[in-house]
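In the two complexes that follow, chain A is the common piece, with chain B as its partner first and chain C second.
For the complex of A and B:
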């Protein structure tokens, strides 16, 4: 099983003030109160963590964490 | 208003403080009143710098103070402001859930704003390129943001701004806050100052000017205002916030009033970028304007909370000014001996302490004053706090750029 989801959760814990048990794969970013600036910040940290490139709209407010995992896993590792 | 009758009193009904002396007003006041030298130590962020000591706040946990889900979005300067503002508002007994937010203003002072964020993101720019710079850089850096965030926290929708007069910024903010009350454009002002720039670029800048104490190996002895062996200031971070209301309004709601803010004066030296005018003419304008505004004669002043940075030039010029305008009567102190010099927050922290001094009738001592400079011909409170009825106190602040601001507090 992929470790993408737990790694994504760890980014939310380390940089965005969440506790591990505060998020589920079904939560959308807007439900987690991550606004557009926070999503750009998250995009930067995800790129660094996973060594991938994301476009500005790869992570959207209405996306769930589960959907974000799929987006991350669909990107080729570039770094 | 010009031509109106008598001085205008703004009641100080709430105080919040986060300083190197303590987190919270009571903790800060306790150590400022009974100091154990300068509350300075090695600043981790300054490791390897020639100037590496400062009055920082190691125990401050922003996640705990303002919530881990929000704290990461703020520069430390805004975090400290939010913490002090929350304490001040709670202390005032006013309920932001009940008040008419359109009548609540926020006026803070800051010298530099989110310098720590700027430095960090500049390093990101140089190391990782522009596409990795944080989208939060601007709202974390901009000097106005602390007041904006305080407004969001408390639903304060009245006038909102940040004053920048260098080391007088907090004093200017509080003076302008009182003007808003006097003009009647609001009923409550959340006002004070914040600063958090104990970072390599900024401290190197001060160090290269020769402004900082060279006692890098003995931090507790480093800030020694009015002492013959003073050799520069100790940089600090911190925030203090006051809640001000018209005295009549405070009385009507039965609020506890620490002191009344009864006068404000401001001026410019028009002399030099960083050195005070040795004649003290500019600072004297501000002090006299403050006394005039408060309707006070110079001999009414019992106490001066001095700017007292511990630099050779400032303390000598300020002492001459106090002596010339107020005589030898007032008991003078500089709390920078304890909390160092927090630049744009300093005037606000000193205003908070002056209000407490007036309210409690206890004048804190000037820490590390072991041998008073013979050129400082003043009654400087040394060693231990002095119990005294303080009817009137003034608090001086002088900023780089020659920007001077003075507040007068009177017993409520």
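For the complex of A and C:
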């Protein structure tokens, strides 16, 4: 079982003030009220945490956390 | 840095217009709020020049104070970093030099928007290293209020007016205040992200189609954000490694005061405590080319930056342009 989802949730908890049980894989970023600036911040943090490279639109406001996990897992580790 | 002459910071001066515009003031005329501006930028207020005050007026004040701080009344060269010059041409620096009583010294502008001060330091430092000059006054000065769209709540929330200046003198690479290599870069493929669309030779403002012209400053904030973080981090890493430091050796990191969330992201990406990044923009907003010397002076005044501390400075701006440098902070009293 991949640990990508819990690691992503940890980033949301640590950097954006969410509680672990406050989010589900079905939540979209816009439902979590992450605005465009917050999505850029999350993109940078995810790159650092997972050692991958993301393009500007890999994490979109209408994506769910579950979809984001798939995007993260599809990227080769570069760092 | 290679043996030879170094450029050493020996004076620091600043000037802010007295008129303060708070977030509440903006909220009275635009669809915005103190909470919206603070949460997205960290800015609480900015200083705005009175009608009729130009960039050279601010530059003369800050430049004069830097000379006083350096306990000198003469320099060999004057560089003004600005993207809001008094006129499209000529450059603003000769006016500033003349009004400072510096005679017929070489004087020119550097246009690198918010990275202008770092570009100015690099050029001034290079003139000293080459033996062309023994002392250089580098001034970052801006009146962004003169180019902002009165209806644009995002840029009006961010930008403020002000000026800051340093005096560089020839010295030794190992002494406090000696600038390390200034790491600069640019990426013109992103030139449309931060610009004034009309009024230059690409789209001159002419009477017959004046209604199509856009003479105001425009910025694609979200796309700029990521570029700013990544470029400042990369340039800072290189600047630090060029002087044999590690990132953790940076005791104080004075970043261009664009947005506190950019500064926090830079700190996080470098895995440095955010407490090493002094914040000045809460009181002055983003003052573009003036922001780094203004933030340096504020950090010295508040005690956040002390003589002997290993210091990094970094900036990012339109062009796109970016830069970073290091120095051990000298015993300089800002005026």
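Quick note on the criterion: the second predicted complex is superposed on the first by the 79 of 79 C-alpha atoms of A that agree within 3 Å, B and C clash if a C-alpha of one lies under 4 Å from a C-alpha of the other, contacts with A are read in each partner's own complex, and residues count from 1 in each chain.
Keep in mind that, in the parts below, a contact is a pair of C-beta atoms (placed from the backbone, for glycine too) under 8 Å apart; a residue touches a chain by one contact, two chains touch by 3 or more.
Since the model is a prediction, treat every value here as computed from it, not as a measurement.
S.K.: Of the partners chain B and chain C, which touch A:40 in the superposed model: first, second, both, neither?
M.R.: A:40 sits against chain B and chain C alike.
S.K.: Looking at A:56, would you say it contacts chain B, chain C, both, or neither? Reply first, second, both or neither.
M.R.: second
S.K.: If you stack the two complexes on chain A, which partner ends up touching A:76: first (chain B), second (chain C), both, or neither?
M.R.: The answer is neither, since A:76 touches no partner chain.
S.K.: Counting only touches as set out at the top, which of chain B and chain C does A:17 meet: first, second, both, neither?
M.R.: First partner only, chain B.
S.K.: Find the residues of chain A that appear in the contact set with chain B and again in the contact set with chain C.
M.R.: The overlap between the chain B and chain C interfaces on chain A comprises residues 15, 37, 40-41, 44, 48.
S.K.: If we count contacts the way the header does, which residues on chain A are in touch with chain C in the complex?
M.R.: Against chain C, chain A makes touches at 15, 35-37, 40-41, 43-45, 48, 56.
S.K.: Write out the stretch or stretches of chain A touching chain B in their complex.
M.R.: Within the complex, chain A touches chain B at residues 15-18, 33, 37-38, 40-41, 44, 48.
S.K.: Can you list the residues on chain C that touch chain A in the complex?
M.R.: These residues of chain C touch chain A: 40, 221-223, 225-226, 229-230, 261, 265, 268-269.
S.K.: Can you tell me which positions in chain B touch chain A when the two form their complex?
M.R.: Contact set of chain B toward chain A: 63, 67-73, 132, 134-136, 139.
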